[in-house]
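There are structures below to look over.
The following pair of complexes shares a single chain, subunit A, combined with subunit B in the former and subunit C in the latter.
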Partner chain A sequence: MATRPVTGEQRAFMTGNEVVAWAALAAGADIMYGYPITPQNEIMHYWTRMASKYERGFLQTEDEIAAGFATVGGVLAGKRAFTATAGPGNVLMQEAMAMAEMMRLPTVVVVTQRGGPSTATVIYSQQELNLTCFGGNGEGLRIVYSPSSHDELFLYTIKAFNSAWKYRFPTFVLGDGYQSKMREPVTIFDPEARGITMEPCRPMVGLPGLPGEERDPAHLRNTYNLEDELYEVLMTAIKEYEAIAPQVVEWDTYAVDDAELLIIAHGVVSRAARAAVVSLRERGFKAGYFRPVTLRPFPAETLRTLAARARNLMVVESAYGQLKRQVQAGLYGLETPVTGYLRPGMGITPEEIVEFVHAKELI
Partner chain B sequence: MSLNLKIALAGEGGQGVQSVAEIITEAAYQAGFQALYIPNFGVEQRGGVSVAFVQVSSEPVSAPKFTTGDIVVALSHRAVERVRQYVGEKTLLVYEAGLEDDVRQVYGERQRRLAVPALAIAQEEMHPRVFNVIILGVLVGVTGFLERRDVEQALERQFGHKFAQDPDLRELNYRALERGYEIGRENL
Partner chain C sequence: MAIAAQPQMPRVWRAETKPHKFCPGCGHGIVLKALGEAIDALDIQERTIFGCDIGCSLLSWDFFNLDTVQTHHGRTTPVLVGIKRARPELVVVSYMGDGGAYAIGAQHLVSSASRNDLVTIIVVNNTVYAMTGGQMAPTTLPGQKTETTPYGRDARLTGRPILGPELVAAIAPPGAYVARGSIANIVQLKNFIQKGLQNQLEGRGIAFIEALSSCPTNWHTNAAATWRFVEKEMTAYFPVGELRTPEEKPSGRFQEVPPYES
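Then we have the complex of A and B:
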């Protein structure tokens, strides 16, 4: 075995795509399957550059449908497998991810959102929230992390492998083109150095022993004949998902205790939202900030408590209401008005948010 | 020292604005500042105006892009118009001196400005390839938050492999940096 890719903690100044490749290495990922698409490409590039040094694998498939299913196959073989994609590639991967959902396979997908729909732009958006949370023909039994900095991109890529293998739901790291391409300081680390133990992986196919005699047969299904049969399997999965949700759900807040205006954002946009709150506070306005770190499961309960105390809620996102709908669904029945600053495919700055707050007299 | 500096740089592909952005943020990071650099990486990368967004701060940087720059750099005819949206009342516009007419046309007379004859210096005194290093020097000089040593180290990290092959190149780059730095200092 080659030496560990990261020892202890190391400071670096790098792009988000490099961060993801380092995180997957540090997490002990065995293999990446992938198909090129901007802005994800460099995750593959860095992974392939480094993987062979640490005896890890890589397979470039013919398209994203194959990359998704190859990841499913890698997981079935007991490998800590992952893929990365964006935009139309994320669309194509949904079939495989729905299979992972059906079969409770711990796949890990890093999504670097680009403008949509279709080919649109190669640059940036937050328009893949719906797709990543609920993209399959199922109930969205997935875990979706939305990091907002390179430090988090590193942490949650590692965490994605652990959550996937611990809870056995397909797990996603929902990044974006900005996070992929920007350089900022990051501390990368060996998970062990932070007391993080990687969940063990075990194969589901090719097990030793004679099935039926020396061991139970592996019965892996994504097809069911009867409605009741499917219903039973689904309800078991749904109940398990609901049971683990409180352990999985994560959020971040700032200055919420006396907040009259609560600004809600996720991912890279939450950096602008937080800065806007700091700036509003400096001028004496009682603003606070809430960020769902997990988009699935969504931290609705915590948000509800905070939202009930506020006079106004404002959702800021680089999409046209994908986060806002989750917020409103979570807050159903609450009468606090929700206003959206919705900029599909556009970056958002703190100055714009502050200006909008005043223009709409939200505070 | 409390610092919060936003710089947008724009030029034609090949003029080296991304390298300038990378070197200045790398140097800032190594000198202990928070730094964030993001290129505009759309299809523009292939033959259009190349834009880089740089932020250096004592505090962690928030959004990767910004509304208005403290310094905006325009190095080509098309870039002058392209960066208009990032230029505010207080913005210092740094531009290649040959673009004087374009700048006057777009920004009038009142904009804070610094014309840098980088093209002429590079061609007449040095080498066309160090055009962007002169601009880098100007930015280091005019902002004053970096030691030249920090920038030289960042240059080494960026171009060290090239310097190793051709030591004259190092001397050339250092000279370009110094020349730009002096122009920047004079206008601090």
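Then we have the complex of A and C:
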């Protein structure tokens, strides 16, 4: 029985969903719980084809509610458990993720955004930013990575397991239907070959020793009788989240040093934004680009410094202002005008961005 | 002065959290005693995971010297199925009320039954949503007054009481253990629960035990009326006994494949 799915580094040409399955294998994920929804399906397809070869588990549940809660069970049992979903499935998944948030459970969810609201399209959007960052009846104590390429999809899927188990907040990889379905060259690797040590998993139930005699039983709950009890638990979690945020937060920039126009985008759209900046620079316009890699926590401080130097800010996204609201909240008080190129559920090309920049005279 | 003899607690009960948090006259304590005795008898304390739901069952979150997880309303079974799939050596007990099992969590019950998941599910049927103040439950008897059926449950408008064990018995593959006990017969209830745990230990399939229980707080009954309701009125709708046992002869109704064998 083979145990190492990837040795060293390997070049490949594959879809994003296949990349996620390989990354989960390489990360040592033990079990996936899943329910079919497009455009996530092939993550399960590839996982189920490979799982048995590497002694990994899979359970197809009756819905995303069960997939989310079974993932909660898997991590409670001390296993690297994950699930993947999209759109209305992501809506259902939020119930279990709220429990994970309350109980500090290291769940990993890969989201492949599709059009919304409701059933909408099975194709693509960036409309699940709010839901993934702040879903559930809580405070958004989650880690959300937004990769922009297949290389990053591989890297951040591995990283999601490590961040989840290290910091104990539910962790999401926020992809999208385009990334799921398109093929592009990618380097997959054994984490060890890159010096990445996988964070060890610790069971929270089923611990060794007779409970009540050799050790205290693990009594895990998410319900509290008193306001003060909840407040204490929650404020501890909030303080820890705020303390780890500087270690977790990630961003990417290009040509920002003298940028008069700062174009802000995340995920696959940031590739169009970056290409638009290249094109504007070639024609002598001082444009730059900023990309939050983590949407939760949001790299507001870095963005603020860059935004203060620019004359104009432009947010580009395949949603109607979900990223823009995060940007504006992060930059509150700063007077640099923020313009949005907002295309809910639509793909965005570099040409459109350049055209919009000129039409609005942003540079 | 002599101290009066204390009633025997099961070994697996956590003395530090007794007396328990349930109302006077509640059946939960009796069901949890039966469960405790069954766990003691099988000597599986060290590897048993107890999961409780939302509703009055959540008050059992610190009841046992067992690793315990309190989940969401109706979601206890999928959490424990997740644990069991990840760590098959553990014994998982999913404990909930009739609202969690038959209303908000019904899809999980049906799916776990049809998959023959290796989980022991205990449903405490008291015919009402008790924690929220006594609303109609899937198990409320026709004519029974609750906060949302103040003139009595009208079966023409809201249906008849759901028969949980009969439902599970109808869809679970061979190997399943399905029974309905009652707090009125604790020895029998303990035996049913013990057989249900044994079924999981032997890897035969799902175990499902409904326990007829009492809620004098929401029924607004005294002791005599409470027992009369449990023993006469509930039992008339919910017959007590075993519905499926793993020893049953092949019925021909199912393709007879034991769980987890292809």
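The criterion applied here is as follows: the second predicted complex is superposed on the first by the 361 of 363 C-alpha atoms of A that agree within 3 Å, B and C clash if a C-alpha of one lies under 4 Å from a C-alpha of the other, contacts with A are read in each partner's own complex, and residues count from 1 in each chain.
Here is the rule we go by: a residue touches a chain if its C-beta (ideal position, glycine included) is under 8 Å from a C-beta of that chain, and two chains touch if they have at least 3 such contacts.
Fair warning: this is a prediction, and the values are worked out from it, not measured in the lab.
Superposition of the two structures on subunit A leaves subunit B and subunit C fitting side by side, clash-free.
Residue contacts after overlaying the shared chain place A:Thr71 against subunit C, while subunit B stays out of touching range.
Touch criterion met: A:Met99 reaches subunit C, while subunit B stays clear of it. After overlaying the two complexes on the shared chain, residue contacts for A:Asp30 are found with subunit C alone; subunit B is out of touch.
Once chain A of one complex is fitted onto chain A of the other, the partner contacts of A:Leu220 are limited to subunit C, with no touch recorded for subunit B. Of the two partner chains placed around the shared chain by superposition, subunit B is the only one that A:Phe13 touches, whereas subunit C remains out of contact.
Legend: residue contacts after superposition of the two complexes on their common chain; A:Tyr145 is shown touching neither subunit B nor subunit C.
Look at A:Ala275: by the touch rule set out above, it reaches subunit B but stays clear of subunit C.
More residues of subunit A are touched by C (comparison of subunit B with subunit C). With both structures placed on the common chain, the touch criterion links A:Pro350 to subunit B but leaves subunit C unconnected.
In the composite built from the two structures, the nearest CA pair linking subunit B and subunit C is 28 Å apart.
For the contact definition in use here, the subunit B contact set and the subunit C contact set of subunit A share no residue.
Per the touch definition, subunit A reaches subunit C in the complex via residues 30-31, 33, 57, 59, 61-63, 65-66, 69-74, 76-79, 81, 95-96, 99, 203-207, 209-213, 217-223. Contact residues of subunit A toward subunit B in the complex are 13, 38-39, 121-123, 149, 177-178, 181-185, 268-269, 271-272, 274-275, 347-352. Of all residues in subunit B, those touching subunit A in their complex are 22, 25-26, 29-30, 34-43, 60-68.
Subunit C contributes residues 12, 14, 45-47, 49, 54, 58, 61-62, 64-72, 75, 78-87, 90, 107-108, 110-111 to its touches with subunit A in the complex.
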